[in-house]
Amino acid sequence: MSKLDDFRAERQRMNEKIMNLDHLGVKRFFNLDTNTYRDGALDGKTKELLGLVASAVLRCNDCIDYHLEQCAKEGFTHAQIIDALNVALIVGGSIVIPHFRHAVATLEQLQQEGSLAG
Amino acid sequence: MSKLDDFRAERQRMNEKIMNLDHLGVKRFFNLDTNTYRDGALDGKTKELLGLVASAVLRCNDCIDYHLEQCAKEGFTHAQIIDALNVALIVGGSIVIPHFRHAVATLEQLQQEGSLAG
Amino acid sequence: MSKLDDFRAERQRMNEKIMNLDHLGVKRFFNLDTNTYRDGALDGKTKELLGLVASAVLRCNDCIDYHLEQCAKEGFTHAQIIDALNVALIVGGSIVIPHFRHAVATLEQLQQEGSLAG
Amino acid sequence: MSKLDDFRAERQRMNEKIMNLDHLGVKRFFNLDTNTYRDGALDGKTKELLGLVASAVLRCNDCIDYHLEQCAKEGFTHAQIIDALNVALIVGGSIVIPHFRHAVATLEQLQQEGSLAG
Amino acid sequence: MSKLDDFRAERQRMNEKIMNLDHLGVKRFFNLDTNTYRDGALDGKTKELLGLVASAVLRCNDCIDYHLEQCAKEGFTHAQIIDALNVALIVGGSIVIPHFRHAVATLEQLQQEGSLAG
Amino acid sequence: MSKLDDFRAERQRMNEKIMNLDHLGVKRFFNLDTNTYRDGALDGKTKELLGLVASAVLRCNDCIDYHLEQCAKEGFTHAQIIDALNVALIVGGSIVIPHFRHAVATLEQLQQEGSLAG
């Protein structure tokens, strides 16, 4: 199992535990979070890219991995994702570089799985 | 002169002073920053929206105002910009709310100037 | 009208505009945010204090003012609020000091209004 | 040895090294940090919960683990800790979710050790 | 009175109020903060520059103003301060630009007062 | 191979991949980042220390490790580096402590390699 598969499994396992906590506020927030990336005035595809850049400037590798996967599913190409990450790099500065490296490694795994266009 | 005009004038006045500092590194960064939002693998329009969301989750009102103006110029509608800011709100949480209020006030000024679609 | 009254009026005026945007996700988040500070496994009073400290370490003056008002309403004394802000100061460091100064000025206004115990 | 035990051992080992550096400023800060959570205008128990929420919105897993342990020692129940973390989630947004998952995993270990009430 | 004088007066007035709160932890932290910039293994002059860059990447204008003043007193030239702020700009990214503008305006005031070398 | 060697190898391997992405903006930023720490109005040695403190308050372990190595190469002693990290600790607060522990562990490895003075 790849590191990305580990992350996916662990993420799902823990999210299920969180749902089972039965805290109404937490459940509503998770639900709201999921709905945020549905089509609206902007299409869901664009919003996944916004989520990726937000995650990158806030420097959260788990969030970056999640949104990279969603961006790949939505059909963004490798070059487009790099161009989006470049915006994060310029806005967020060199402190973003370690997360840029992380993102490039994850993109490589998505390519190897065949789940990334371009 | 509106608050937004004040900001524009002050922003330009100070950016000129910064260029006149003649620090090569600073000049190159400002140049690189401008070029980031040119068409590339992603079109410039999409990248302005990415810049807006990055500015919102990092909670910088001046950066939000700048990117709101650019997003309006690129033709995003009021509803689309709100939908993008909603992504920032969910990613960044209630601490983003004061900046959401600021953004809505700026959007109102852009509407009054007639520079915002929709 | 005091600076605190200005803030209250502006905050309410803009929050109403945000509700009128009629963005379902934004409305749900605002609703969820309000409900967060209701009694639950922890009482609402304690949660207001948590909101204050979170706002202080994230360095948001508007959020600090809002939670200071709520903490005063819930009956926390001046000394208790300072003790909570001290936690924020130690966790967040000297970068929090300008916000500590802001909070002390707001507390003074709450005292002058007679809305703060102790 | 559990992951939590590893963290405890490593934390203590490194803190001792830091004390041995014999930097007066560093030692005073560590001392001040410890004293912050003693009873004062607020009781120490409440302040541990404030420390937890501050750690969560600032997204520091090691700090979260440390304060979870302290909150458990002080007698907070699992449900109360989750309710506090929910405040952090709403204030800090979805970027806090990976740290929420981390906290839930640590709480599970504290339960298995029998050091968590409720 | 210049904007910088206003800031100095307000800063001193509020710091005195904070000392008068008589919270031992807060007082110790303020004392520790002052001592941090005394000569040690590094001279105080270098540490003021470190304080400036830390303030700039954390994007706190009040902290930037305070450290700019200290850096000017310690004898750093305008060009050296700009070179330090450039490090902050590259590490912290374009989100630092509004604070860079703020710093350049403050440096101008320090020059007009005759308190900045070079 | 030590953990520090692993980090160095992985860092170089990924940076090469990033250069091979052939994104002009990314390449220019990496180039600009490298040039930032060259001698200018401030000498490169001082700027490496600024980079270290910026990395510490922004809480990025990879960036801390990189700048620790550069600071060691430039001839800063162990005591001087600790004094710089103490500035980061006071500015950034107890949330910096886990990164302080990380830095002390990396300094130990640099000492064992014989690449750190004092």
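For clarity, chains are labelled A, B, C, D, E and F in written order, and residue numbers in each chain start from 1.
In this text, a contact is a pair of C-beta atoms (placed from the backbone, for glycine too) under 8 Å apart; a residue touches a chain by one contact, two chains touch by 3 or more.
Computed from a predicted structure; not experimentally measured.
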{"item": "Those chains which touch chain B and also touch chain A", "value": "C, D, E, F"}
{"item": "Number of hops, chain B to chain E, where each hop joins two touching chains", "value": "1"}
{"item": "Chain pair equivalent in interface to A-B, over half of contacts matched, among C-F, C-D or B-E", "value": "C-D"}
{"item": "Chain whose average C-alpha position is farthest from chain A's own", "value": "E"}
{"item": "Most distant chain from chain F, judged by the mean position of its C-alpha atoms", "value": "C"}
{"item": "Chain pair showing more contacts of the two, A-D and E-F", "value": "E-F"}
{"item": "Centre-to-centre distance between chain C and chain A (centres being mean Cα positions), rounded to whole Å", "value": "31"}
{"item": "Inter-centroid spacing, chain C versus chain B (mean Cα positions, whole Å)", "value": "27"}
{"item": "Shared interface positions of chain E, touching two or more other chains", "value": "23, 25, 29, 32-33, 36, 40, 54-55, 57-58, 63, 79, 82-83, 86, 89-92, 94-95"}
{"item": "Contact graph of the chains (line, ring, star, complete, other)", "value": "complete"}
{"item": "Partner chain B, residues of chain D touching it in the complex", "value": "57, 89-96"}
{"item": "Chain C - residues contacting chain A, complex", "value": "23, 25, 28-29, 32, 35-36, 40"}
{"item": "Residues of chain B that touch chain A when the two form their complex", "value": "32-33, 36-37, 40-42, 46-47, 49-51, 53-55, 57-58, 63, 77, 79-80, 82-84, 86-88, 90-92"}
{"item": "Touch list for chain C against partner chain B, complex", "value": "10-11, 14-15, 17-18, 21, 23, 25-26, 29-30, 33, 54-55, 58, 60, 62-63"}
{"item": "Partner chain C, residues of chain B touching it in the complex", "value": "59, 79, 82-83, 86, 89-90, 94-95, 97-98, 100-101, 104-105, 108"}
